Amino acid sequence: MPEKFPTIIINFKAYKEGYGHRAHSIAQAALNVSMESGVLIGIAPGYMDIHPMSNHYNLPVYAQHIDAINPGAHTGHILAGAVREAGATGTLINHSERRLTLADISGSVKAAKEANLQTIVCTNDILTSAAAASFSPDFIAIEPPELIGSGISVATADPEIIENSVTAVKEKNSSIRVLAGAGISTGECVKRAIELGADGVLLASGVVKADDPEKVLRSLVSKI
Amino acid sequence: MPEKFPTIIINFKAYKEGYGHRAHSIAQAALNVSMESGVLIGIAPGYMDIHPMSNHYNLPVYAQHIDAINPGAHTGHILAGAVREAGATGTLINHSERRLTLADISGSVKAAKEANLQTIVCTNDILTSAAAASFSPDFIAIEPPELIGSGISVATADPEIIENSVTAVKEKNSSIRVLAGAGISTGECVKRAIELGADGVLLASGVVKADDPEKVLRSLVSKI
Amino acid sequence: MPEKFPTIIINFKAYKEGYGHRAHSIAQAALNVSMESGVLIGIAPGYMDIHPMSNHYNLPVYAQHIDAINPGAHTGHILAGAVREAGATGTLINHSERRLTLADISGSVKAAKEANLQTIVCTNDILTSAAAASFSPDFIAIEPPELIGSGISVATADPEIIENSVTAVKEKNSSIRVLAGAGISTGECVKRAIELGADGVLLASGVVKADDPEKVLRSLVSKI
Amino acid sequence: MPEKFPTIIINFKAYKEGYGHRAHSIAQAALNVSMESGVLIGIAPGYMDIHPMSNHYNLPVYAQHIDAINPGAHTGHILAGAVREAGATGTLINHSERRLTLADISGSVKAAKEANLQTIVCTNDILTSAAAASFSPDFIAIEPPELIGSGISVATADPEIIENSVTAVKEKNSSIRVLAGAGISTGECVKRAIELGADGVLLASGVVKADDPEKVLRSLVSKI
């Protein structure tokens, strides 16, 4: 059975609320809401938590980054095969906080596919989304940098960037899923993003820094 | 009781022999040799293996790198606090395969100390060793880049670089331990490095890519 | 009258034969051959030589790189507007020796266009060429990294990479010119590259490190 | 006759007021004030302007950055020898907007010295200043990053950082000149910095973005 593709992915970043035992609370909340709603939720914890979380929770787990390397003398770099062996389902690539060169995006997607990891390439606008589609990742996550962490939802602030990115990506390769990111925090945002053509959302602070992450997650799935 | 400082540290890099279940064999070998010889051996596995190894082996575990960040929106970066919470004892900083800016070496050492992690700053020559001593790390590991992975031991190929780095470092701060690296593979190399003033050695392929890591480790501790 | 697009572009890199008065000899040779053959030849000297060369030679002059910045506090970075004001015609972007992130390729192309500079985006394979076409640069220069400086011509070693890159690029935007690079050194190579669909060639050591650059340039244009 | 060392250095950054013909106005102002006051003023224009300015003004001209490279295949990088051949007197190294690794600071200082360029290593605090002194540059310029471009003078906001950096640097090597940077804009600031032990100042926006740069320069030298 092929692995499934989540509709909501939570990036834990390096938030103080997002690693160690605090990360477990969020993962448990995601599992609870995922099971009760039937909406698949993925999590992208820090590297340290990939192994324990992949083993403790029946959720798709994503690395926040991998390097475009093959096994070898690469101290301090992230190997796709090691991420897979730790139990992860996939990986973010080229997040706005961890940008890669064009050649390394290409190399990372290739390394991830060879390691049987799902690929989520992050982009910042319509042109970079169109460019990223050339690598046929499983997902493209479009996040206007100026809205990341702003609390202003991309779905209301810049609906055209979602619509036009979806068009640009799907024209090239209709099997690529598009995630909308930046400022998503409510079920209404998620609904709006999906109406605009997105297949799902990628979000971070809205859940991770919430007083009650489970409540936010329940809101997020409420209108799907 | 304060944590102890190892005499030998094994860097697993991103070698194919150095992650997942293969990493466990090396860690077990290190534990066996450490216990039978009384020589403390540290290991620096990939990020994915820091959590499981810190929990399974009674050995000092080191990250291969941390970033000079505080908790926050730093997707794909390595937080000192997360490394510590995963059970690690310390971290390499500025390895030749993961160089940092001067400001970030300073910031990483500071972040590691605040997280109660031992610090091993890697350098490439005498001047950079002297410079790194300004940050008062626990260790400075001097590795001439041209000898890394060469199979030629720094202790025989360039004994002066060890002697002079030790002098430059200890003059500034006598409590900093100096590790010799690059091309170390036998007990004779380790002995020679210590005679030249080093407090220990940092090595990688000599153990990790060996057919029988335990045999190599037994040789390494044999003349201490 | 719009600026013209060269068929041959010489990258001076940071070769010892490629800066200061030695660079002037190569520029003069390029001007001579260009005038006698009618084949337009462009030059990409180091930053220091952009101003004097743009003023002394009636040749298209390209920067080797610009940064994806607007005017501001960016010490040590390359501003498109400054390159233009110094007299340059255009710029290389994302050369294999100066890779950029996807977002910065997008930003550099935009900055160059706003400054009225021609854009030559360098790529390493078919997928990255297809991706780069999304930014509608004036040129895409495809250079397989393993052949750069090898003396083995891409046109004979890997003709399919040229043909397939041309197809991938022109399908997206037929007005983008494709340059073949890596290992080009003779008129035969240039002819073959053009037969494979390329609009021209980008080369470096074949001319810059030649005993007699003018002779090589005369060979390069001989079969066009 | 050895080249002289300026007391005031103006970094033109990539400000819109700092390149092309606008840069010439500032250089002319610096020359006028330098000649009338007898205080030597250096300028650090963008790369494009190093050649013309070195040829037109009898002032010490500094690059804003060089790379730690030898001549060779380094497209888009800055070669010390080319900077020297263009007429420059020296170079900034490791400016906060163009940070280098520890190994590359070492390599850049070495490359600059071999090319007979003065070296100004920029640092951000006392520890990094002490570390940089290991490389024996001609100058260390200490600029607290939080004050750069702030309009708040380091000499009033953080006098201890100047005093303690001077002590840390001169203890190691009394021949290294220390420049104070960040927020310097008046003669009073310059006077205070020198009283705190600095040999001079490095500044940027205070002059470059001024309505009347010559007037600001005249103020800067007024109390020396």
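Labels for the chains are A, B, C and D, by order of writing; each one numbers its residues from 1.
In the analysis below, a contact is a pair of C-beta atoms (placed from the backbone, for glycine too) under 8 Å apart; a residue touches a chain by one contact, two chains touch by 3 or more.
Not measured: the values here are computed from a predicted model.
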Subunit B and subunit D share contacts with none
Quick check on the contact network: minimum steps from subunit B to subunit C? 2
Maximum centroid distance from subunit C, chain identifier (CA atoms): B
Can you check whether subunit A and subunit C touch via the same residue numbers (shared by over half) or via different ones? same
Between subunit A and subunit D, what is the separation of their C-alpha centroids in Å? 44
Whole-Å separation of chain centres (CA-atom averages), subunit A against subunit C: 37
Distance between the centres, which are taken as Cα means, of subunit D and subunit C, whole angstrom: 33
Any chance you could list the residues of subunit A touching two or more other chains? 96
Does the chain-touch network form a line, ring, star, complete graph or other? ring
Inter-chain touches occur between A-B, A-C, B-D, C-D
Considering only the defined contacts, which subunit C positions touch subunit D in the complex? 11, 13-16, 19-21, 44, 46-52, 63-65, 69, 71-79, 81-83, 85-86, 92, 95-98, 148-149, 204-205
The answer for subunit B against subunit D in the complex is residues 94, 96, 99-106, 123-125, 127-128, 130-132, 134-135
